[in-house]
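Here the structure is laid out as C-alpha cells; the discussion comes afterwards.
Think of it as A, B, C and D in the order they're written, each chain with its own count starting at 1.
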Amino acid sequence: MEQILTICVYCGCGCGVYLGKENGRVVASSPSRNHPISQGNLCVKGWHLHEFIHHPERLTTPLLRKDNKLVPVGWDEALDYTARRLSEIRDSNGPDALGLLSSAKCSNEENYLLQKFSRAVLGTNNIDHCARL
Amino acid sequence: MAGLATAFGSGAMTNSINELEDVDVVIVSGSNTTEAHPQIARRILAAVDRGAKLIVIDPRRTALAQEAHVHLALRPGTDIALLNGMMRIILDEGLADDHFIEMRTENFIALRDQLFKIDLDEIAAITGVDRQLMHTAACLYARAYKSTFCYCLGITQHICGTNNVQTIANMAMLTGNVEKENAGVDPLRGQNNVQGACDMAALPACLPGYQSLADMQIRQKFKQCWGVDVPLTPGRTVLDMTHSGHNGTLRGMFVMGENPILSDPDQTKVQATLEGLDFLAVSDIFLTETAQLAHVVFPAASFAEKSGTVTNSERRVQYMHQVIEPIGECKPDSTIIAELAERMGYEMYYESMAEVMEEIALLIPIYGGMHHDRLRSSWGLQWPCPNRDHPGTPFLHKHYFSGGKGHFTPAQHQEPFEPPGDAFPLTLITGRIYHHYHTGTMTRRCASLNRESDKALLQINPVDATTSAIRNGDLVELTSRRGTIRLWAQISEDIRPGQVYTTFHFSEAPVNLLTTGAADPIAKCPEFKVCAVKVARVES
Amino acid sequence: MKETTVILAKDNLQGLLRKLGRDKSLVAPVTNQWGDTLYTEITDIDGTELDLSKQPQASLKGFFFPQQEVIQTYDTTAGYEFTPQRHIQPTLFFGVRSCDLHAVLYMDMIFSSPERDDAYFARRQDTTIITLACTTPFANCFCNATGSGPFMEYGYDLQLTDLGDRFLVEAGRQQGEQILQAWGHFFEPATEEDVQLQYQLSLEAGGRFQRKVEVEHACRILASGEVDEQIWQQLSARCADCGGCAYVCPTCTCFNIRDAQQEPSKGERIRSWDACTFSGFTRMAGGHNPINSDHALQRRFLHKLKYDVEKHGKPSCVGCGRCVDICFGHVDITTFIEAVVED
Amino acid sequence: MYTPKSAVIKEIISENHLVKTFRLSMVDSQGQTIPFRFEAGQFVMLSVPHRGEAPISISSIPANPSFFDLTIRKAGLLTSAIQEMAVGDHLGVRGPFGHGFPLDDLLGKDLLLVAGGIGLAPLKGVMESCLSWKKVKKLTDISLTLCYGSRTPEDICFRATIEKWQQDGVSCRLTVDEADPSWQGEEGLVTGLLADQSSSGDGYALVCGPPVMIRATIARLQAFGWSDEHILTTLERHMKCGVGVCGHCHLDNTMVCTDGPVFTLSQLQEMKVAELG
C-alpha cells in the first residue's frame, strides 16, 4: 500500500497525515511520526480522514439548473453558462453586484486565484471567506 | 484578528504550537481546546504535567477546565470586564512590566487611567467570577516569566470581539509577555487554511499579504503583475453579502467550498438572500445545503486529488501532495477558476501550482521565500519568510513589533446584543464538538465519526432541565426570536444554570436558524457565543 | 528448533533481496525524505536505501488487516447476492522486528477462530517474513517484559542478527529453509564463534532497555484482584478518545463492518478498524449503551493484560512501545501498568 | 463465514405499530427453500440492503426447519428500513449464532417466562417446545407461566400466540405500564405479577426485556428463592461479526455472541453486566 504525505483538512493545527492508497482508492490515514505537529498521532477526525473521499454522495459531474432542477451537464456547458451569467451581471449591474466566497478549506494557490479572479477579472473586492465563523 | 493587528501590527499566532510545551503559565480563553484543537491541548497538558500552571476562562466546565489550576467561569460576553479586572490587580500588585511598557509600547497612560477607574467588586458582579479567583489568576499570569494567552472563537465571536482581542493584547503587553519564545498571544485558527485564506486576501479590505488597497506603490505592483487596475473600494464581508437581503444590490455569487446556509448566523436571512440572487454558482465536493440553491454546481476535487499549500495556525505553510486522480469528472478549484477567467477574456494559465506559488512569492513579502520545491521536501516554513534563504519565523515580534511599537487600546465592557430575558431566559452558546467539523459536510459522511456522534445534543444544566421537566435524552425544542430547532437534551453539570450549549455540525438541527446576525463592527465577526433562547420538551 | 544457521555477508544482502523480490513484492523499512520510517514496497532495489536502524512507525497490521477493506460486494438487482472480495499479494517482508512478528502470529491465531477469516488469510497467504533481531531496543520498547523480543525464538521464516559486517541467518520455518536452499550460494556456513557472538549480543540487548515496565507483575495483580476505580477515572479523564492507541497497536484487531451503497442496487460491505475505546463501539441501535464511558480504557487494557493471559497464557501486548509517545494524555498502557503496580 | 446467504420474506405479521414479525425461508440460487436449523434463544446476523447487518433473535420454534421468524422493533436505520419491506423481498442471513436456551434441562420442568415488550421474542420458542413436550409426555403436574409486561395495551406483541398458550393451559399474566379505557387487566410493572411466583426448586425462570426490567425482575426472583443457576436471561449487545472476533460484544473475558447470548444469573454476576446495576 502506497503512503502519501498530506495535511489534514480539519482544524488549524495542520497535522501531517499519510494517506494509504490501494487500487486507486484512499483507504487509510495515519499520522507522521516526525511531523512537528502530529508527532505520531492524530485526533479521531484525522484517523478517519479517508472516509469521506470516496463517499457515494460525492459530486462527480457539473450540475446546471434546468426547469428548476439541478441536472448533470458537461463541463463546457456549465463553465460557459457561468462565465456568461457573471459577465452579464457585471456589465448590467456593475462589478460590485457580484460577490465571492472563498474557502478556508482550499489551498493558498486556489484562494490566491479566486481573489485574483475577483479583483482582476470581475473587478470587485467583494470577496471573503468564513474566517469569522 | 483586527484587534491583534492594531496592537502588534500583525494578527496571527505569535508563537509556534510546540512552544506551548515550555510555557510557565498558559491562559486558555474561549477555546474548547481538547475537542477543537486536540494537538494544541496535547501541548498544554504536557506543559501542565511538567509543572506549568493552567488558567481556563470559559463559561463551561470544559475538559481542559477540569485540568485547570484556576477556572474562571465567567458569564458569557464579559471577557473585557474580567481581563480589565485582572489588569487592575496586576497594577495594584506592582506586577506590571514597567521596563517593557516603557521601551516597547505606546498609549499606556490611557489604559492606566481607565483601569484606575475600575471597581473590582463591580467586575465580580458583572462577570460572576469570584474576586479571589481573579486575583489568583492575575498574579499567576503576571508573575511567571513565560506566560502565553491562547484564545479562540469564544473571544472573537462577540459584538465586542475586536475589543476582546485588544484587551488580551493589553494584558500581554502590560506584563511583557510578547516578543519572546514561549510567551505571547495565540489565536487558535479553526480551519486548516483559514490563515492562508487571510494571507491570500480572500478578504474584502486588503490585497494579498495584508497589503493596502489604497497604497499607490502596491497597487502599481499588482497592476504590473495582473495587467489591470485593482478596484479601490473595499468590498463586502461575508455577512454583508449573505445578509444583504432577498432583492438587494448583490445579484450574483460564486461560492467555492463554503456552506453559508449552515455556517452563517440567522439562516432564514441567508437563505432569502441566496434565493433572491440572479445567479449562484457553487463549487464543492458534496451537494451542500448551499449548493442545493445554486444555478450551477461544479464538482470540485477533494484535498486528496490535488496538490497545493495550506497555512496552519502557527503560520506554517505546508505542502499537500496529490494522492489520487480526481474522481469522476471532478476538477481542482484552480482549474475551474482559470477556465472561467479564460472564458471571460482573461488569460489565467499556469503550468502548475508551483507557478502560482511563484507569483504569490513575488507579490507577498511574508511569502517571499515560499516555493514549492522548498516546501515539498520539508515540514513547511513559517511566515514571515521573505527570501529563499530565510529559514522561516517560529515566533513573531522578536525585538520589535511588526507595526513599530505595541499599542495599548483600552476597552470597556459592553453587554451582549441579545441578553436573556423573560421570554427567552437562557443564553445559547454555540461551538464545536470533538467528532465533527464545521457544517459537517465531510465529517457527517465519515462512517466512524458519525457512529460516535450522530445527533445534535443540547447541553443543559440539571437545574434548567428540572424547570422544564426535561430528562436526559429527551427530544427538545430550542427557540430564539428567529426560529426553532429540535435536538436531544444532554443534562450536564459542565454547563452553568441559565446557559445551554450546542453545535452547528448537524443540518437536521441547524443552530444558525437561531443565532443573531449582530456582529462586531470592526471584524464583522457574528455573535455566535450569545443569543437568547428558550427550551421545551417535545411530547412524544 | 533451529534448522539451519548460516552467514550472509552484508555485501550480498542487496543481491539476495533482488532474487527474493522476483516473484513477490518486497516490503522493508525505508526512511523517507521527511525522516519518517515506513514499511515501504520497494520497486527499485538499487535506488532505495533500506533503513534497518529505526522502528517503522506502523506495524505490519495494515498489510494483512487493512484500516479499511471491501470484504464483499452486494447486488440487489435480482435477490440479494453477496460476492466475497479477496486481495492476494504475495509479499516478502524484510527487516521486521520481533515485536511485529509476534503480533502477526497473534493475529494469525485470532483470525483462525472459529474459522479461517478469508479476507485476512487472502492477504496473509504467500507472505514470507524475514526478521531482524533487535540488538539495540528503541526508546519506548519493552518487549523483554512481554516475552516478545528482542530476539525471536520461533515463528520467523528467517531471522537475521547483525554481527557487524555480516548477518547470522537462522531458518525457523520451512519457507526460510527453502530460501536458504534455493539461494545457497549467497550464504556461507556459520562458525561456533558466530553463534557465540549472537548469544552475547542477545544478552547485551536485554540490558539495553531504557524502560522498565513491570508487565508480569501487573498481570499477576490483575489476575487476582480488582483495579481501583480511581485509576480508571484518572486515566479516562485524560483519554482524548482518538483511538490512536488501538490503531497503532499491532495486536488490536477489533473491527467494524458497514455497508456503503455505490449504485441504486449495488454496494460494498466494508470492514474497518475499530477501537474498543470509542463509546460508539458498544452503543446499540436506539442509543442505549451498556458500558460506562469512564471504563472505555478498561476494555483495552484488561483485554491485553488479563483476558488474553487467561485465554492464551500470555499478554497480547508485544511491548513495541508505539502507543507510548503518541498518547495525547499520557495514559498509555505503561502508565496503566505503573499505576496498577504502585497501587 | 462473513458472507450472508439469501432469505426471502414469506409472511409479515404486524404485532403493533412499531413491531413486525417476518417469517423467512432460506433459499438457494434457484429460489428453492433450504432447511435452516437453530435452537431457541439463538440469533442471526440479518442484512438489509444498504443498511448493513444487525443481530436479531429468532422468535419461532425450532421444530420446522423450512422457516424461521424474526420479530423486529423499529430502533435504528436498519430496523426502520426492514419495516418497509414486503413479502417476496430478499434479506441476507448469517447464522444461527450463539448458544440457545438449554432445552434438555428445561423440558419437563416448571417454567416461568418473564418478558417485557419485544423481549418475549427469544423466549417464545422455549415455551412452545416445553408446551409440546408437556402434551406429548402428558405431564399434568408441571406449571408453565408467562408474566408479560408492555408499555401500553397497544404495545402487546404476539397476541395470537398468547391466546393459544392460554387455551393450552399456560398461565398467562399480562400487565401494562399505562392502561387505556379498553384495558381490563393488570396495570403496573411486570414485577408486580411475580408476587406468588416462588421457586419450585427445579423450575427455571427465563427473563428478557429492557435492562431496568431485567434488574428488577431478577431481584424479585432471588427474593422468592430462585437459585442463580435457575434464572436465565439473554443479553442484547452491539454485535458486528457474530462469531467472537470483532470485539464489540466483549464483556470481560466473554463474548456475548459466542458464549451467550443466554446466560445464567450466576454467570452474569461474574461478568458484572450493566443489567444487574
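A few comments on the model shown:
Simple rule for what comes next: contacts are C-beta pairs under 8 Å (C-beta built on N, C-alpha and C of every residue); 3 or more make two chains touch, one makes a residue touch a chain.
Keep in mind that what you see is a predicted model, and the values were worked out from it rather than measured.
Counting C-beta pairs in contact across A-B and across A-C gives the higher total for A-B. Centre-to-centre separation between subunit A and subunit B, using Cα means, comes to 19 Å. Averaged C-alpha coordinates give centres for subunit A and subunit C that are 37 Å from one another. Remark: subunit B and subunit D have CA centroids separated by 53 Å (rounded to whole angstrom).
Not a single residue in subunit D touches at least two other chains. Shared contact sites, meaning residues of subunit A that touch two or more other chains, fall at 5, 16, 34-35, 39, 41, 43-44, 47, 50-51, 55. Contact with two or more other chains is made by residues 38, 42, 379, 434, 447-448, 452 of subunit B. Chain pairs that touch, as defined above: A-B, A-C, B-C, C-D.
The part of subunit C that touches subunit A in the complex is made up of residues 32, 34-38, 40-41, 57-58, 62-63, 66-69, 87, 240-244, 247-248, 260-262, 278, 325-328. Residue ranges of subunit C in contact with subunit D, taken from their complex: 71-72, 74, 76, 79-82, 84, 110-111, 113-119, 253-259, 261, 267, 269, 274, 276, 281-286, 288, 290-292, 299, 302-303, 306-307, 310-311.
Across the interface of their complex, subunit C is touched by residues 1-4, 6, 47, 49-54, 75-79, 90-92, 211, 236-238, 240-241, 243-250, 252-253, 258, 273-275 of subunit D.
Interface of subunit A with subunit B (complex): residues 4-16, 19, 21, 24-26, 34-39, 41, 43-45, 47-48, 50-55, 57-65, 70, 75, 78-83, 85-87, 89, 93, 95-133. Per the touch definition, subunit C reaches subunit B in the complex via residues 33-34, 237-238, 240-242, 256, 258, 260, 270, 272, 274, 278-280, 283, 287, 328-330.
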